[in-house]
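Here chain A shows up in two complexes: once beside chain B, once beside chain C.
The block that comes next holds the complex of A and B.
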């Protein structure tokens, strides 16, 4: 970007911007403290920081908008030469959707479920009178094509629930761009997506921003993503700018300690041979929990078989004190597998063994002792913790139920659990809403540990957390495992998190095991083509990574097709760059042993998968 | 969606059947013998036995139930124990008043209160909203006879407009004179159902207004009117139609206090009379009619909320 641009090319400028929250007792708390930055035409400026850093609040100021309970308390937010902080909603209406457009984190929540997509995409320019409905429709069609959406002529006439999450995210980009805005505000637009979908969406955003000559504010906590899309980075912490500068300076030579911590929290995939190495002579009969030949699904169809099969022929052994990582895109059956292990969803075929004893598939038929040994930690701590109970009661209940402790002993055990998850013991008297997201997740974990389990099933426990907070939770899990010898089943769509932590990895695709084995073996060739796609889709904090990834044939396969468990052939056939027509689509792939405990389900020889 | 509706109709039929069993056997548990009520205290044993046989009371309860249900389904509600006339005739004299009052009330009260509630949701925290909340909460808390008394005090005694009770027959009157005829009961009932409708429609719309897609609409520069009418209302239809249906059912079945207060005979008063005179047959018949009213209205509400949900209307 040319550095000597004219002042009138500044699209947005925050000048000593202060935004404060009004608390219930009337006092004011500054959420954003005197922030300054500029966005010039053609530039992408990234606001980066963890939740609570004020990044979303700052980005919304470009639209003159404050979330309910917040207000502009000083400074200016200048959009195209005009300060928007003092304007009323009616005064701002022409600018919103015309000069500046907003893309939210969750497209699924941002689209009105009752209105067809096209009406929502074209609404802003038509309402503002800058385009007729026909012009807006033509513009929308052009954008659908540019964003590589399937069936662009007809996708607009669908309702939001009729398209996939990745498509909806791109449709939201179309909605923002339909009014030809000068400034785009993108609020974590890829955080909720699988890595493979994230590449597609990033690629689409980048090309569209370039073609339209727009400027953008990109809000995220992910430095690896920022490196792909931003020109300038503003690092925020607690409402203050900690560091700001061109992307290559911040990525390659971070100066502020906080930026360094952010960089350190990114866990690169381990290089070949550097993964966790478990002992070679591992004994299969030493498994804490073992599932064999599991088939499972939802609904009851004819002959007692489920209507929708979600899992087919799954074999996993979780050894004592070890971690098995389960990865795959959304919809591949990861959470279903955890539910089967927990007994929440009885498998229709196969066997689950705990300490060598067969577990009843149904939860109700298991003994209390068996229930105690297998515990579940949910993704959303917010919804898993009862908002009306104090932490003391949330943790005290399983302590009393499973261990029979009461009174002073129970209280002591609750405090011990809080110390175990590195929380102050005074937290026992708090309610969940008085805790931050990471703290709630720790309580959630302590609740599972209260039962003194042998196996803890962790379903996407770090996915809702920021990079640093998530990394801290992983460190905690590692420590707990060393101290208590508990086994973890760690479910995630984030390959790099799983790789940093798991001893063994199971790669699920459409309900089947694509590849399975020790972490370092799965992450080095030979690869299942799907594993290769996943590995190559993990963003690296390196400028130009995205361009390289787009070129590679793996990314070509990233165009997400339907992930469905097929009756015949390999489910990955349609997306696989190495598929062989007439074979892969007709015959189920055989399970190949390519090393000790390392299997790949593929028709190709290991040599072809290197 | 068709299968969902069929399933819902099935559930409705099962509900009605279950209620019919409860009503029939519930009235059987009550003390008293239908034959004796019919013949009076002085009847001889022989007369009683003959009457029992004629009324089918000598058969087993299950047989009696099957016969009763079959008769009900074919429109024969039996003969009143108290007055010896067919129940259908008794109902025919009364249902008009009930239907007139409930239809006239809902024509006015439902649209007006929904509009007031939605308007309150458009300006939450405004003076309008606060006053409306205060009034509707007060009205929810006030019993019907209290509201009715206030209205009578105001319109009849203070302003000297018309009578404190409903006088004469509504037959042959036009829409407006019909409103005049039933003015006070309609006003009382309107207040009663309006307060609930206002509060529920306000809450339903406000609930939707906190959704991310509404924030998105604000950030797209969509005017407030359009946000409410196009974006929010569509998603609030489900809960609103359910409250409307419950209130309409109340208008048919639960207005006994208002009927007695204003002295016009309706179905709700009839069932109370049936209980007082131990007229089991009347209570059974009316009980079933009330039950069917609820079942049908709730079914209609469910179909309406299914139809307002694009996920059900346009499956993937």
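The block that comes next holds the complex of A and C.
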């Protein structure tokens, strides 16, 4: 296919595109209903919508591909002037390697773990015969440099497990771009990443798409991300275009109620002084759950100490009816802390108290009543609910187990729990796979509440959900807390979600508390340098935010490294823009009290952290 | 409805009263419905099962009766009164297949059930036990697995003599080690799922975790494997019979029928006496295989999606 050099040419166009699914009883269900949009050279068009909106299905039509069970049922998907909907795989093969490239959500699943990176990056153009191996290698090197990968000359000779998650995501972009495609299809390429990593990946994608003169279809559910990278936005709901237009129109003046709802679901970081100020009547001194001087890790080494020490000297008190948010990037020990509290991972040092009583570090040694009071909610409702139990049994078991209710009383309690999490009572007879992701997460919560606990440990409960669904779950948690007086430990890597909901925040870095205190105080200066990095990395639904954020000193330094556990000095040393060599890398930072209940672990004076 | 101009701002018509509910997941899938191949398999298997149950009552002759006592001749061709001809001792092949069906299928089914009972209990037991118990059980099992099955069977049967109970126990225990491996692996996979951990955090005992959390999820792949294992046991029992260590004459079973009538191939005569029992073994194993394939294409796929 000839490549037109005209600047304004249309690379891809969906014309009244209809894709339908055939259900088992033979009837057809339209998944994509007459969708129209265009992608021009040099443009990024974002398809935005929640799961089930058909955004991935539409994006795949650019490759002439339908997932098994789906088929093109009408309209056209025109790639470089040719309709690809009726073509066979053999006819599509040249176009798929040379004109279109697809980037999946998970780079880890895209790369073959036992083949060196460069071989995989250059494979497509060499196989398609558009480049010789030497040309492809040169192109790959150029891309590694453009994507700001460390050590571009040698990174290709590594294996996928030898680079970080963010680097692998960028290498996947190199793989897609190596064949000089006209169109890139990116399917949620940053959704699984930490905010700090997301910045580096977004920045690399944006510049490389501009430089290579390619067009892109960017699939996501995150409007804040879209505002940074897209030129045009297509808002989808239930397979239909609800609103489409240039990015600034959609972001600044959304017209359709659904777009407005998407915008409303984004929770901005509270500005200084806007956080909820706890009134004195709540400031009681009785912590429901208190952990003090906790050390914990994995494996058993010499002297009964763990091989890998993850948590060091953690002190957290969860007050009755309050929420403590725990944030940090992946690998910082957030989930480990929750597992220590639940007794799944016995701490090797320190003490856990529940209502003033010392809890045994090991789960098996705790009494049933102690177990009842501390409940754990898992991140993935898909794996946390037994697929072969009905909702009635999933919720009924803790009711019976802890409360001894049977028969009609148990049934009534299950229905009450379903109403509590805003689900219809008929759901009691369903299996988990007959519910949507958000509904499953509600059942997951209801199971914890069935025990009438004092403390609920929520491990990334909204991370796997869409923006709107996640926001609904947060609203539900807030309401439940008011009604039942339960305390939450809310673990998330998403600072804006935690900030909107938690009374107190614990910032963890590499298993140590970097900063801790009331939400309001933690999110206002003085900041621990790591808190500052996190705060500045939260994407805002504002055009031009990315450019500003990557210029900042914090981002420049933060991009440099990944979380590493260290035995001496401050673990954040390598990434800290304010680090003092000879001090920070050798001496563990002291715990400074900078206000009532607000501590920062840093060598620098509070004045230097403003 | 075309937004060909990229600068144009397109807004779909809307009604303020419409709320945007959370989009549902894919509709629930229906239960297992056999495909054509599945139906063929079911037909064949049900046919042989019926033969095994009522064969001895409707067989034209007794197991060792001679259809033509007045005209004794081995390997007679099929003719009226003996539709599949006669065998090496001039007995009716059709009747012997009908008597043998019960024995071949009965022994194999009992042996497979025994293998499953032992293998699943020990395998899931090992999966939920601590690493030391698991290690000990697995290593002993590995030792069993390293022995060639036919040789092991030969040694046992040669040592204690062949009888139907000995055959069942021997085949059952030999195949239990394979079932142990499989159910331990499936159990381990389910043990690390969040819902099992959730049950542990709740304070559930081991028995609840095995029966309510693990077993319902392990059931499907194990049932699928049961069909496959049954085929191996049928072939194993038939092989032993063929070698003369299985079902002892004059009792009929399909494996020994093939062996007894091998002479037909060497010395001439009706080869149907060899081919018919061999075909019976083949059709039964293929039939079960078709069912297993069909079930796993449906249920196995769904299971892997949920896991």
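Everything that follows uses one rule, which is that the second predicted complex is superposed on the first by the 592 of 610 C-alpha atoms of A that agree within 3 Å, B and C clash if a C-alpha of one lies under 4 Å from a C-alpha of the other, contacts with A are read in each partner's own complex, and residues count from 1 in each chain.
The rule we apply is simple: contacts are C-beta pairs under 8 Å (C-beta built on N, C-alpha and C of every residue); 3 or more make two chains touch, one makes a residue touch a chain.
On a predicted model such as this, the values are computed, not experimentally measured, just so you know.
Visitor: Based on the superposition on chain A, does the combination of chain B and chain C result in a clash or a fit?
Guide: Once both complexes are aligned on chain A, chain B and chain C clash.
Visitor: Check whether A:174 is in contact with chain B, with chain C, with both or with neither, and answer first, second, both or neither.
Guide: The answer is neither, since A:174 touches no partner chain.
Visitor: When the two structures are overlaid on chain A, which partner does A:48 contact: first (chain B), second (chain C), both, or neither?
Guide: neither
Visitor: Applying the document's definition of touch, where does A:201 land relative to chain B and chain C: first, second, both, or neither?
Guide: Neither partner.
Visitor: Of the two partner chains, chain B (first) and chain C (second), which one does A:141 touch, if any: first, second, both, or neither?
Guide: Touch status of A:141: no partner.
Visitor: With the two complexes superposed on chain A, say which partner A:106 touches: chain B (first), chain C (second), both, or neither.
Guide: First partner only, chain B.
Visitor: Quick one: classify A:431 as touching chain B (first), chain C (second), both or neither.
Guide: It touches chain C, and chain B stays clear.
Visitor: Identify the partner contact of A:232: answer first if only chain B is touched, second if only chain C is, both if each is, neither if none is.
Guide: A:232 sits against chain C, while chain B stays out of touch.
Visitor: Mind telling me which of the two, chain B or chain C, contacts the most residues of chain A?
Guide: C
Visitor: On the A-aligned overlay, A:418 touches which partner chain: chain B = first, chain C = second, or both, or neither?
Guide: In the superposed model, A:418 contacts neither chain B nor chain C.
Visitor: Going by the clash criterion at the top, which of the stretches 146-154, 164-172, 182-190 or 200-208 from chain C hits chain B after superposition?
Guide: 146-154
Visitor: Overlap of the chain B and chain C footprints on chain A, residue-wise?
Guide: none
Visitor: If you look only at chain A, which of its residues touch chain B in the complex?
Guide: 60, 63, 65, 89, 92-98, 101-102, 104, 106, 109-115, 123-124, 127-128, 158-159, 161-162, 175
Visitor: Would you mind writing out the residues of chain B in touch with chain A in their complex?
Guide: Against chain A, chain B makes touches at 211-213, 215-224, 226, 230-231, 234-235, 308-311, 314, 316.
Visitor: List the residues on chain A that touch chain C in their complex, please.
Guide: 23-25, 34, 36-38, 40, 43, 50-53, 232, 237-238, 240-246, 249, 255-258, 261, 342-344, 363, 366, 368, 371, 375-376, 378, 380, 382-389, 397-398, 401, 430-431, 433-439, 447, 451, 468-469, 472
Visitor: Spell out the part of chain C that touches chain A in their complex, as residue ranges.
Guide: Per the stated touch rule, the residues are 1-4, 6-12, 14, 16, 20, 22-25, 27-30, 193-195, 197-198, 200-204, 212-213, 216-217, 306-307.
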